[in-house]
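See the structures that follow.
Two complexes, one shared chain (chain A), two partners (chain B, chain C).
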Partner chain A sequence: MNARTLFLSIVFLFTAATLLPARADEASELMSASHQAYYYAADGGHARVEMTLVDKKGRTRAREFWMLRRDITDMGDQRYFIYFIKPADVMGTTFLVHKKVEGNDDRWLYLPSLDLVKRIATDDRGSSFMGSDFRYEDVSGRLPVLDNHEIIGAGQALDRPVAKVRSTPKDPKTADYAYRINWIDDATKLPLREEYFDKNDELFRVFEVGKLEDVEGIVTATERTMSNVKKGSRTLLTFSDLTYETKLEAKDFSERLLKNPPREYTR
Partner chain B sequence: MRSPMKTHMRPAGLLALGLLLGVGLGLPPTTAAAPLLGGFVQGAQAFRLQQNEALGDGKVGDRSYPRSEVRAQVTAQDGGDMASFFLRLDMVADGTQGGSTAVDFREGYIKLYLARWVDLKLGRQVATWGTGDLLFANDLFAKDWEAFFTGLQDAYLKLPQDLLRATFYVGSVTAEVAASPYFTPDALPGGERLSLYNPFMQEIVGADLAAPLVTPSRTATNGELFGRLFGYAGSLEWASYGYHGFWPTPQGAGMADSSGYLFYPRLWSAGASLRGPIGPVLANAEAAAYISPDDEHGTDPTIANSEIRGFVGVAKSLGNDWTLGAQYFAQYMLDHDAYKNSYEQAFGTDDVPVDELRSTLTARITKYAMNQTLLFSLFGFWGVTESDWHLRPLIDYKISDTTGIAFGANLVDGDHPYTTFGQFADNSNMFLRLRYSF
Partner chain C sequence: MNSSNPRIVDFAVRHPKWVVGAALLITVLLAIPIPTARIDTDPENMLRADEPVRVIHSRIKDEFNLADYLVVGFTGEENILTEDFTHRLGLLVERIEQIRGVVADDILAPSTVDDIYRTPDGALVVGRLTDERTGWAEQPSIAAKVAENPVLRGKLASEDGRVVALYIPLEEKRFAASVAEQITAEMAAIGGFANYHITGLPIAQQVFGTEMFKQMGISAPMAGVLIFLLMLFFFRNPRVVAAPMILAIMTVVWTMGLLILLGFPVHIMSSMIPIFLMPIAVLNSIHILSEFHERYQKSKSQKEAILSTMRELYKPMIFTSLTTVVGFGALISAGIPPVRVFGAFVALGVAIAWLLSVTFNPAFAVLLPKKTLSKFGRREDSDSAMAHRLVRLGRFAVARRWPVLVGTVAALLVATYGISRIVVNDNPTKWFKPSHPIRIAEQELGRHLAGTYMAYLEFDASDTEDGSVKNPETLLYMEGLQRRLESLPQVGATTGIADIVKKVRYELKDGASDAYAVPDNSAEIAQELFLYEVAGGDPEDLYKFITPDGDKAVLWIQLRDGDNQAVAAMVAAAEEYMDSVPRPAGMRFDWGGLTYINIIWQQKMVVGMRNALLGSFAVVLVMMVFLLRSIPLGLISMLPLTVTIAMVYGLVGLTGKPYDMPIAVLSSLTLGLSVDFAIHFLKRGQEIYKRRKNAAATLEDLFQEPARAIARNIVVIALGFVPLLFSELMPYVTVGAFFLAIMALSGAATFLILPALLSLRGEKAYVPWGARSATWQERPLAAAPVSKEA
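This part shows the complex of A and B:
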C-alpha cells in the first residue's frame, strides 16, 4: 500500500465514519418524505381504479372500483372507502377502512343484497388485497419507523434520477421480507420501484411505477404494478378520474357512507 | 295453505308511488347516462340425501328436488343528488312448483336525501341489522328459511319487505325508524320443498298435512314498527333496538271447527348490541327481550312465553386468508313454571317440549384460495339443549369474472321432531349452482 492509497483510505474511513450516522438520518427522513408523498398526498382524494390480475399462464381477472381517501393528520390515521364496480357479481358492494397508525385497522364490508354491514376481523396487514399481488400493507402503507433505512447509492428509474435505499425490518416478525431496496424519485420522493428479498437473499416481489401524471399540481403514480416473482403472477393498478378535492370529512366515513356511496359512483 | 312463493308477490303500489316521487322530485333531467344495469342468470339444483316419507317415500315427482330452478335477475339503479331509485326483479322458472314461472319482485325503492340530517328509503327493500353471524336477536325483519335450507345464496335468507325507512343523523348518533303497514312473516318450509313438523299431529308432514297458518289481517293496528339507535365509541359500535309487531314464526296455536291452526301472536322487543375488537379478536354481544303481550304471564300454553335471547361471538383472522368464528346463543324463557303448569293442565304431562334455557353453539371456518376466487366455507349449528345440528359446507369458485360455480350441502338432524333443526331431519340435501353475471 503506497502513501497515496493509505491517505485516501484514511480520508475515506474518516468521511464514512462521520457520514454514516448522517446518512442513516438522511435515509430515514427520505423514507418518511416518500411515505408522505405516496400515501398522504394533499388531505385525501379519490380515483377510479382498474385492477388487472395476471397469473403465470397469462390469464387475467379484472376488478374495478372507486377509492376514496381522507387523512386525519399527515402520517397519521386515515379513512378509506371503496365502491366496487366490477366484477358484476359484487357491483355496489362497499368497503370502509379506519386505518390506524397504532393498533389494528377497523374494516367493514357492506353487502347491499342483504343490507348487511359486516365487520371484518383483521390483524394481518400482510394478507392479500382483494386477492391481488398487493397486500393491505402495500395499499395503506407500512410505517417507515418499522424499518432501518440506509442510502446505498443513486440510480435511475422511469428515466428519472433516484436514490436507492435499503430498508431492513427492525423486527423480522413484522414483515414477510428480510430487506427491500427502494428507488426513491429525487424530485417527488415517490417510490418508483421496490424490490423485496427473502432471508435467502432471493428476490420475490417487485413493485414498479409505470406512469407519473400531474394531477392538480401533484405528481401522482397512475400506473402501479406488483409482481410476485416466485409465483409468476402480477397485478396492475391503473388510476383515472383522479382528484385531490375532498368533499367528505373524516367523520363522514361511517355506516352512512357504506350504505349511501357518493352518487357519482352509482351512475 | 300458504305458498311461500306467493309471499314475494305483493302489490307494486309502493314502487309505483316511489318511482313517481323519484321522477318528480329528484332525478335531474340532465343526467345523460343511462341507468346502471346488471344482473345474473343462475341455475340451482338441490338433491335430497335421504328418502323423505312425509313427502312421498321413493316417489319420483315434483317433490324429488328441494330446489330445481333457473333464475334471471335484473337490477337497475339511477339517481341524482336529491333522490335515487333501485329496482331488482327475479324471474324464476321453478321445476319444484310443477314447472311454473313467476316474477319475484325483490326490491324496488327510492331513496330521498332530504337534508344533511335525514334520508328516506321508501318501497320494497331488504333490511338487516344486529351483530350475529346467521344468529338473530334484534333483527326481526322477515327471513326466508326455506331458501336458506335449499341451496340459494345467503342473500335470499332475507325476505324483502315493504317499508318506509327514515334514517336521522344527529351528531355522532344515527337513529333509524322503519314502518310497514302490514306484517311480513318469515317464509318457512311449507311441505313442498321440505317437510315440516305439525304440532297437532306431533309428526313430520308434507304440504297436504301441514297445519294451516293464519296471518294477521291487514288492518291499521297490524303493522310493524322497527327502531334502532346506533353509534361508535372509538372502535366499538353500540346499538339499541326496538320492535312492535308479531312473532316472525307462528308461535301460537288455536283450534277452529275441531282442527288446529297456527298463528302469529303479538311481539314487542327491546335490546342492545356491542361490537368491536379485543386485541386481535373481533367480538360481539347482543341481547333482546321478547315480550309476548298476548300471554303476559306465560299461563297460556298455546302462545309462546316472553323470553330473553342473546349471543356472544368472536371472530379471528388467522392470516393467509383463513378466518375462524364461534358464537354462543341462549334463549331463556320467562315464566317457565307457569308454562309448565298450564301445559300439564292442558296436556296431562309436565314434560314440556321447550326448556327454560336453550343453548346453541355455532362455528364458522372460511378459507380463500387462488387469488380469492375459490372459497371454502363451513358453518355449523349445534343445539346443545335440543340435541340437534345443522352443517353448511360450501365450495364457491369463480371460474371467470362472469361465471361462478358453487357446490354445497345443508345437512341437518336431531333427536326430536319438534326442535329448531330436528324438524328438518329428513331434508338434508346437497346442491349445485351455476351463475353467469352481467
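This part shows the complex of A and C:
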C-alpha cells in the first residue's frame, strides 16, 4: 500500500463517518416530506375511487366509493368519509373515520338496510382496509417517526429518478414487516414503490404507483396497486373526479354525515 | 400314463444351470427399480382422479380455499386457556408460521382467528380472539368467547376450555411429518405443553405410509421365516426347503419390480401383494416337495423322481394357478384403481410363481448334490402322527357321510343368516390399531370438540333467479338443513355463511334476543357481510363459506364419527331434507370432503367385489368342469370353497366385524386358495382311480400323500401369517386372521365334504365324461377309464 492509497482510504473513512448521520437525518426528512405529500396534499379533497380486488385465482371483485378527506392540521389529525356506490347491494353504506395521530382512530359505519350507525372499534391498524390488500395504515398513513430511515441509494420508478429509503420499525411490534424499501420520487416526494420484507428477509408485499396526474397543480398518484406476493392477491385503486377543493369543514364529518351524505355523492 | 413331460419341464431338467442362472439374473435386474418405489397413501386415490366425486371435491376445496390441516390438540383437567398458556400458544403459532410447508396466513389458532364482539361501551370489534386482552379476570374467558362464536365453536376449543386445537394448513400433504416434528421441537423449546396430540388426515396418511413400509420390511419377511421353519419341520432338509423359499422371494421381487418399473405407485393395496403372493408361491412347491419326498427314495435318481413328480402334478398345478389367476384377475373389473392394480399384479405374480414352479423347482432339484438328498424322504411319511390322523379323518368322513353332509347344510344355513347381517362399513382412521397415537388423538379431540371428520355440502345459485346465495330464502333453507343435521348424533357441528350473518347481526343489534336470526331482506345480508370486512375482519374467513361473487356457499359438516355408515346416514338425512323441503328454484348442490369420497369408493368396492366374486366363481366352475371332465365332479369341487367363503363371511356378519376394504378383497384369495385343495384332491383322485379302479381304495390313497401335501399347505399358510396379527395396521391384522380362518375352514371342507360326497357317488365319482360314454354299453361302472389324455 503506497502513501497515496493510504491517504485516500483515510479520507474516505472520514467522509463516510461524517456522512452517515447526515444521511440518516436526510432520510427522516425525506420520509416526512413524503408523508406530507402523499397523505396531506392541500387541506383535503375528494375522489371517486374504483377498487378492484383480484384474488390468487384471478377472481375479481369491484367496489366503488367516494372518499372525502379534510385535514385538521398538516401531519396531524384528519377526517375521512366514504360513501359506497358499488356493489349495488351495499350502496348507501357510509364510513366515517376520525384519524388521530395519538391514540386510536374513531370509526363509524352506517348500514342503510338497518338504518343503523355503529361505532367500530379497531386498535389494529395492520388490519385489512375493507377486505383489500391495503391495510388501514396504508390508507391513513404510518407516522414516519415510528421507523428508522436510511437512504440506501438512487434508482428509477415510473421513468423518474427516485431515492431508495430503507425504513425499519423502531418497535417491531408496531408493524407486520421487518423493514421496507421506499422508492421516493425526487421531484414530488411521492412514494412510487414500496417493498415490504418479513423477518426472513422475504418480500411479501409490494405497493406501486401506476400513474401520476396533475390535479389542480398538485401531482397525484391516481393508480395505486398493493400486491400480496405471498398470497398472490392484489388490489388496484383508481382515482377519478379528483379535486382538492374542500366544501366540508372538519366539524361536518359527524354522525349526521353518515346518514345524510351530500347530494352530489348520492346521485 | 403318458411318460413324457411338457417341454418346459424337460428343458429345465436338461439345462438346470441355465434355468437357475436366468431366474437369478432376472431377479437381480427386477430388484433394481424397487428402491425407487413411489408410495401413495392417499385414500382419495381409491378412486380415479377423474372420478366425478373427486373432481367436485377438488373444485370445492379450491373454490373455498380449504386446505389439508394438521391438528395440534391440547388437553387438560380444567380450562387450559389461561393467560400464561394463551401467551405460550401465541408464541408457538408465531414460530409455526415460520416452518416450511405451512400456509402461515391460514393457520386457525386463538391468536390468529377473528372474533366478532362488542366492547363494554358498545363498539363493534372484528378482531383477533386473543388480541389486546387486558384484565383477564374481568373478561369472559376465551373458551366462552369461542363457544359463543358459531364459526369457532367446537373447532378451536371445547366450551369448558379443557381441549384446545390449532389447525395448521399445509402447502402439500408431504410436509406433514416434518412440520409435526418441528412443532414438537418448538413446543419443547417454549415449554409448558404437557398433554398434546398431533393428528389430522395428512399426518395419518404419512404415518400409515411409514407403517406400511415397516409391514413390508418386517411382517412379510417374518412370515417368510416362519413358513421356512414350518417347511423345514415337514421336510427336514434346509437345502431342499430353500427351493420354495427362493422361489417365493423371486416371485415377489419379479412382481413388485414389474409393478414399480411400469410406474405404478405402491398403494395400501399393492403393499399387500408380497403377503398374498408368498403363500400362493409356496403352495405348488409344497406339493412338488411332498411328491418328490416320497418318490426320491424309491428311484434314487433326482432326475427320475422330479420328472415323475412333475408328470403327476403338472396338470393340477396349471389349474390351481389358473383358477387363482381368475380369482384375482376378476378384480380388474372393479372400479377402484388400487384394487385393479392389486388384482392384476397378484394374478401376474401367480403366473410367475407357476412358471418358476415348473422350471426353477425341477432345475433346482436336479442341481442338488446327491449327498444332500441321501437322507431325504427316508423317514416313512405315512408313519407320522399327522398321517395317521389324516387317514382317520378320511375314514370318519366316509363312515359318517350323512352327518357330515347334514352338518354342511346346517353350517351353510347359519352362514347365510350371518351374511344377511353383514354391515358394510369402513373408516381409514380405524386402519390404525386402537392403541395407536393417531387413534388416541382422534378420540381425545373427538370427545370434546365437535369431531375431526369433515364433509362439505356446496350450494350453487348460479342458475337461480338472482344468481346469489345472499338472500333470506337460501340462508333460511341452509339454516333449516343445519338444524336437521345437528339433530343427528354423529354430527358435532355445522357451519355456514348464515352463522356469520347471524352473529354479525346479533352484535350489531347489541345482543337483542331476537337479533340472532337470518335477516328478512337481501340488502341487509349483503351489508352485514360487508361490515365484517370493513370492520377489519379477514375476508378469507368469509370465503371459506361463500365465494367472493356470492354465487356459491358451502356448509361445513363436522362429524364425530367418521365411519362410512355414519357419514352415509348423514348424507341420506340431508338429501331427504332437500327432497322434502323445496329448494330455491335452480339451486344445485354437491357433496365434498374425504368422508364423502370414502362412502363413494366403498359403494364401488362392495358392488365391484361382489361382481368380481360371482364372475370368477362362474369362470372357475366352468374350468373345473372341463378339468375334471365331469359336471357332477365340477360342482362338487366348488363346494369346499363355497362353504369356506360362506362361513368366513357368515362369521364376519355374526361377529359384527364391519365388511371393509381388506375383507372385501380377501374373497378373491379365499376363492383362489380353497379351490386349489379341491383341484389337487379331485384331479389326483382321478389319477389314482385310473390305477386302482376302486372308489374305496382311491379314497384311502387320497388320504395318503395328497392329503398330507394339502395338510402341510394348510399348516404352513395358516401359521406363516400369524406375525401379521401383531401389526400396527388393522388391514394387515385382518389379512392375518383371515388366512388362518380360510385355511382352517377350507381344509376341513376339503377333508370332510369331498370324501363324504365322493363315497356317496360310489364308482361313478371319478369317471370323466369321455370315459363314461366309451364304456357305457359294456360296463356302466367302468373299472378302467381309458382317457386318451391321461
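To be clear about the criterion, the second predicted complex is superposed on the first by the 262 of 267 C-alpha atoms of A that agree within 3 Å, B and C clash if a C-alpha of one lies under 4 Å from a C-alpha of the other, contacts with A are read in each partner's own complex, and residues count from 1 in each chain.
Assume contacts are C-beta pairs under 8 Å (C-beta built on N, C-alpha and C of every residue); 3 or more make two chains touch, one makes a residue touch a chain.
These numbers were taken from a predicted model, which means no experiment stands behind them.
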(request) Label the relationship between chain B and chain C on chain A in the superposed model as either fit or clash. (result) clash
(request) Would you check which partner chain A:114 touches, where first means chain B only, second means chain C only, and both and neither mean what they say? (result) both
(message) Quick check on the superposed pair: does A:200 touch chain B, chain C, both, or neither? Answer first, second, both or neither.
(response) second
(request) Answer with first, second, both or neither: which of chain B and chain C does A:173 touch in the superposed model? (result) neither
(request) Check whether A:267 is in contact with chain B, with chain C, with both or with neither, and answer first, second, both or neither. (result) first
(request) Please work out whether A:95 is in contact with chain B alone, chain C alone, both, or neither, and reply first, second, both or neither. (result) second
(request) Check the residue A:86 against both partner chains and state whether it touches chain B (first), chain C (second), both, or neither. (result) first
(request) Pick one for A:127: touches chain B only (first), chain C only (second), both, or neither. (result) both
(request) Applying the touch criterion given at the start, work out whether A:251 contacts chain B, chain C, both or neither, answering first, second, both or neither. (result) first
(request) Would you find which stretch of chain C runs into chain B in the superposed arrangement, from 505-513, 559-567, 595-603 or 649-657? (result) 505-513
(request) Across the two complexes, find the residues of chain A that touch chain B and also touch chain C. (result) 53, 55, 61, 87, 89, 111, 113-114, 116, 119-124, 127-128, 130-131
(message) List the residues on chain B that touch chain A in their complex, please.
(response) 31, 33, 36, 38-40, 77-81, 84, 111, 113, 119, 125-129, 131, 154-155, 157-158, 167, 169, 172, 174, 230, 232, 235, 237, 275, 277, 280-282, 284, 315-321, 323, 325, 368, 371-373, 398, 400-402, 404, 435, 437-438
(message) Going by the contact rule set out above, which residues of chain A touch chain B in the complex?
(response) 53, 55, 61-62, 86-89, 91-92, 98, 104, 106, 111, 113-117, 119-124, 126-128, 130-132, 233, 251, 254-256, 260, 263, 266-267
(request) Report the residues of chain C in contact with chain A in the complex, numbered from low to high. (result) 62, 98, 104-105, 119, 122-128, 131-132, 470, 508-509, 519, 521-524, 526-528, 530-531, 533-539, 543, 547-549
(message) Using the touch definition from the top, list the residues of chain A that touch chain C in their complex.
(response) 53, 55, 57, 59, 61, 84, 87, 89-90, 93, 95, 109, 111-114, 116, 118-124, 127-128, 130-131, 136, 199-200, 230-231
